[in-house]
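Input: structures, listed below.
Paired with chain B in one complex and with chain C in the other, chain A is shared by the two complexes that follow.
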Partner chain A sequence: MSELRLQGLRKTFGATTAVDDLSLTVADGEFLVLLGPTGAGKTTTLRLVAGLEQPDAGSVFINGHEVTSRTPAERDVAFVFQQYSLYPHLTVYDNLAFPLRAPGRRWPEELIRARVQEIAAMLSIAHKLDNRATELSGGEMQRVSIGRALVRTPNLYLMDEPLSSLDAKLRETMRVELKRIQRDLGATILYVTHDQLEAMTLADRIAILEDGKLIQIGSPREIYENPVSIQAARRLGSPPMNILPPAALRILDVPAGTERIGVRPEDIKLVEDGIPASVKNLEHLGPETVALLALERDTLYLSLPPSQQIRRGQRVNIKVDREKVIFFNGKGARIDTGKTAEVGR
Partner chain B sequence: MNKSRNKAFSISESSRRSKVVAGTLVILYALVTMIPLVWIFLTGFKSPPDSIAYPPKVFFTPTLEGYVNLFTTRSRQTPEYIKSLGPPKTWYEELVRKRNMVITGPSRFKDRYMNSLVIGFGSTFLAVFLGTLAAYGFSRFRVPLKDDLLFFILSTRMMPPVAVAIPIYLMYRQLGLTDTWLGMILLYTAVNVSLAVWLLKGFVDEIPREYEEAAVIDGYSRFQAFVKVVLPQMRTGIAATAIFCLIFAWNEYAFALLLTSGTAQTAPPFIPQIIGEGGLDWPAVAAGTTLFLIPIVFFTILLRKQLLRGITFGALRK
Partner chain C sequence: MTTKDKTTFIQKLALATPEPIARKARGLSDRALAWLFISPTIILLLAINIFPLLWTIYLSFTNYHANRPNMHVRWIGLRNYERILGREDVWEFMQITAHFVFWTMLLQVLIGFTLALLINRNFKGASFWVTVILIPMMLSPAVVGTFWTYLYQPQTGIFSYIINAFHNFGPIDMIGSVKLAPWAIIIVDTWMWTPYIVLLTLAGLRSIPDYLYEAAEIDRANSWQKFWHITFPRVLPFLMLAVLFRGIENFKMFDMVAELTSGGPGSVTEVVSIALKRAAFESWKTGYASALAIILFVTVFALGNIYVKALNRVKQ
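Right after this comes the complex of A and B.
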């Protein structure tokens, strides 16, 4: 049983507010992803939870106990850093054994050996145990640093963009691996990323941060289908949701206060007779083709199945199903139209 | 790769000719700098007449007279008296008697050498120890007036240390620190600690904080993280700093001459005062110098890898 609760956390650095009145709960065994652009306060939040920073206001609770003024060691959390996390003067084995040899823990060496070998086998780095940490490839280093978090069973795993320094292929493998490990261990993870794909694939729930504020929290599908604001809407999905004035898509029957509307690229159809547009650019991604279309004043993304033949410069007609449109007011907040898509956790 | 045919320009591999030229220059320079050392080493094994012979002798019969004279005090006696003593009991007595002398006791060189070791290594240890802690503090903590303090620390090196010799002499006399180990260790530490702080701060700055944060989260205290994670990574820097500090403390002459005379005198002011028959006993002086060089040469060779990396720190390390 390990649960994390943040209550009204605030942290400022000089004139900038990194984290602004943040409250959220990570349930036992949950994989919660903090998603947001650079400078949204994701890493600061993680550091506040770990105890590497002291909040200016608010509290951190782990398993119902307030730990706001406790040291990192007392909080018993594991942290995977974005980089630099392996002790360069130690071997892989000693890196993995390091947390278990800590004063508060001090396992007997034979137990440490068994545990380190178990984790090394799980992350397929068993053959590298005698190497110096500096002799590993990027992927191996990252696996060791995840392994160093996994050797002990802390209350909580905190991960700060652990996959960002890996190449695309490896990142994909590690993503699958990480999710599998989390399920197997039933681990509670608070994970920071700015990569929406990582967030969508890993998270049980996603918390979207912007300028230190929590904008929306929910399952990936919930947020994808029912974003509460333009910010949240544009955070998930690639290419991102198209945000346009309603007139551009000839949607005239809008709720009161609507200033802009959002349409997912996959919800736009090519038709014989509709809104005229020209194809500005094409990206063939394999399973889909992303087209950038120019309307009278605006541009929008459209995703198509690869079977659909389309050329650059071609004139096309598009149509948008009003049912799929999301309406936003002047402040960028969503206007509730009473209908929300059916979503399950 | 075919080296002889490879005419392509390469940044990492210099041409054969420039390597030969560079190598020759380095060897020449090394020879030039080695000559005084070789001269001193050889003089230590010459007899007093050979040592002052003109033109200088490069080939001579080696003798240990210089070393014997260095470690002993002797007095001149009549041949009759020497004969009455009976045959010499040791090889060095025999050596001394050839010059109509008898050994009257050990010289003070051993004590002076001991003083040098204690004061040199003691002050080096203290300067590096304090420097490491201060450098860590300056690098990691929010210290009020940090930049001013660092400048102030550096400013103590802006004049030659001897410039403050008189105030220090007066102060030491008042405090009873003249001619004591403690006084000399404190003095050399004070001079060296600024260098140590600045050098070491550069090394600490290069160690990312993430390591300590990782260690703290792994269950260690801040101090344990410093000992287990930061110190091992500072090894190079500490070694380089220690050598610089030791070289200063070991070779320091002016303060040693001024502040020590008896009990705490170090080797540098002692060696030039070795008087032999007819003025300075050059072989003994050379013998003392040779022995004096050994610890620092040994220490430097021991740490040479670190020293090389340490000197080039910042720019191209690793």
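Right after this comes the complex of A and C.
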């Protein structure tokens, strides 16, 4: 496994800048998730690392060696595509064996067989080895795709939204398996997703991208508690952080320059005597209930334990602990009130 | 027209329809109406396709001569067929046709596939070159045959000139030579129809998603592996389809050969359809020619069926 370093990466497609001066490091054995909305430049970044695209500026270093001008084959990385990208005319066995049959690095057949069986067993697809790649369910195709990446021991694994085409149940299972595999192998993984839940559960660190720029990088907990901007704050957490004018929550004592404040749904409490609000909508999610409340001029989300019962249309009072409030200036950047936040590298 | 006018118009129309027809039209079910609509086409089809086919089958069992309509027509059973299948020169022109089909298909697939692979990149002027390459296909076979006779002129034709530029063979008589004439028609057909193979192969190539090649690239496959495992399997069904269509056409090939060599010199390029034409409209052995036509039909049909079965197996 290896360390990956990106330095000043820049890539434009015509008039659009997909990746803009991106620099970050993935430590050896780290699971780093690139999180961001569509068009943020996550997939482009991944492809730049793989060598499937050439950057307009900047460099890629794998294990300290500059690989920017090297072909994908020379970089020795594994890529799990969003569309699985299995070879349709080969069986599962041949799909898994394909990387090991590369000319010049060909393994002996007995070793190939052993390795393929091992990986297939690890991913629970051993019973489908003789099936054609097209005769599989979505989940099985996904596992073959991951298996094909695992079969070699490359420098690093690059995964492009590999779970996005799976149903929710399968996604849950695969998340746990991916994390387990990564721990067992000590693999360095760069993982792209737009799903904040995947990011929160899988990542050792999350790098949030927006419009091609890195806006924050840190552990899930760090970003969740200390977002550097409104954008970063809203990326993690479901329902997302509430962003409101300070007056709406009757917070009068604000640092200079504050234009908006952010407070998480779980940090709002129902009280007897407080800011009046009415319940516009309720979602019972099992372990929690999410309520959409309407204030005088704003709406916000509130997260309640199931023991607290409220009804749609009910009038309630809320209160917010000032300690939990985050202050943002006019440009959306967080105003430092003494808490630390890790920005950039 | 206002709604009121429309109603009145239709009412007038209804009134104008004679009562018996109107009654019948109202009583027609959907099914009957459907039949009514397609009946003109069916009648045309029957008259132009089905009837002649059946009539030809009937004629093949007779000794009818079209240039002697008043001659007494006798039913002679399978004698035409026996004569055809027993004659040596029948097998010869089957062989000539098979030779023609085999070589044209082989050359067209090899050249067409290669050309398609080369054009399938995004280079400047790609679409221009594709259009240029497609031009031969759009010409009429008779016209192509005709102007290639000029190209093939031993003294003044450009074909001989170009070959001699590489190595001095002296004036080359393609059409007049017994050995070279079959190749003359093969070359012209290849010139004309390779673009067809190129087109269908391009369609197949373009249906291959980029990410398959990218995955192979990441897996460190070389060009041959990419070709064999990704390109070839995906393109094969298209290629086979193209060969099926062209193969059938070339079995029946008439106009181009007729213009170019008329089956000559002698009968060296007498493909089946030319033999058929000679029998039918030069010797006027109509019954005999009908039998030959039926044999041709059955052969193409049978071969086509076998081929399609193979194609279906490849497609899956």
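One rule holds for everything that comes next: the second predicted complex is superposed on the first by the 336 of 345 C-alpha atoms of A that agree within 3 Å, B and C clash if a C-alpha of one lies under 4 Å from a C-alpha of the other, contacts with A are read in each partner's own complex, and residues count from 1 in each chain.
Operating definition for what follows: contacts are C-beta pairs under 8 Å (C-beta built on N, C-alpha and C of every residue); 3 or more make two chains touch, one makes a residue touch a chain.
Being a predicted model, the structure only gives us computed values, none of them experimental.
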{"item": "Fit or clash - chain C, chain B, common chain A", "value": "clash"}
{"item": "Touching partner for A:99 - first (chain B), second (chain C), both, neither", "value": "both"}
{"item": "Touching partner for A:38 - first (chain B), second (chain C), both, neither", "value": "neither"}
{"item": "Chain B versus chain C as contact partner of A:307, first or second or both or neither", "value": "neither"}
{"item": "Superposition clash, chain B against chain C - the stretch among 3-11, 75-83, 93-101 or 201-209 that is involved", "value": "201-209"}
{"item": "Shared contact residues on chain A - chain B and chain C", "value": "50, 52, 71-73, 77-79, 81, 83, 85, 87-89, 98-99, 102-105, 148"}
{"item": "Chain C - residues contacting chain A, complex", "value": "209, 211-212, 214-222, 225, 229-230, 233-234"}
{"item": "Residues of chain A defined as touching chain C within the complex", "value": "50, 52, 71-73, 77-79, 81, 83, 85-90, 98-99, 101-105, 148"}
{"item": "Contacting residues of chain B [partner chain A, same complex]", "value": "208, 210-211, 213-221, 224, 229, 232-233"}
{"item": "Partner chain B, residues of chain A touching it in the complex", "value": "50-52, 71-73, 76-79, 81, 83-85, 87-89, 98-99, 102-105, 148"}
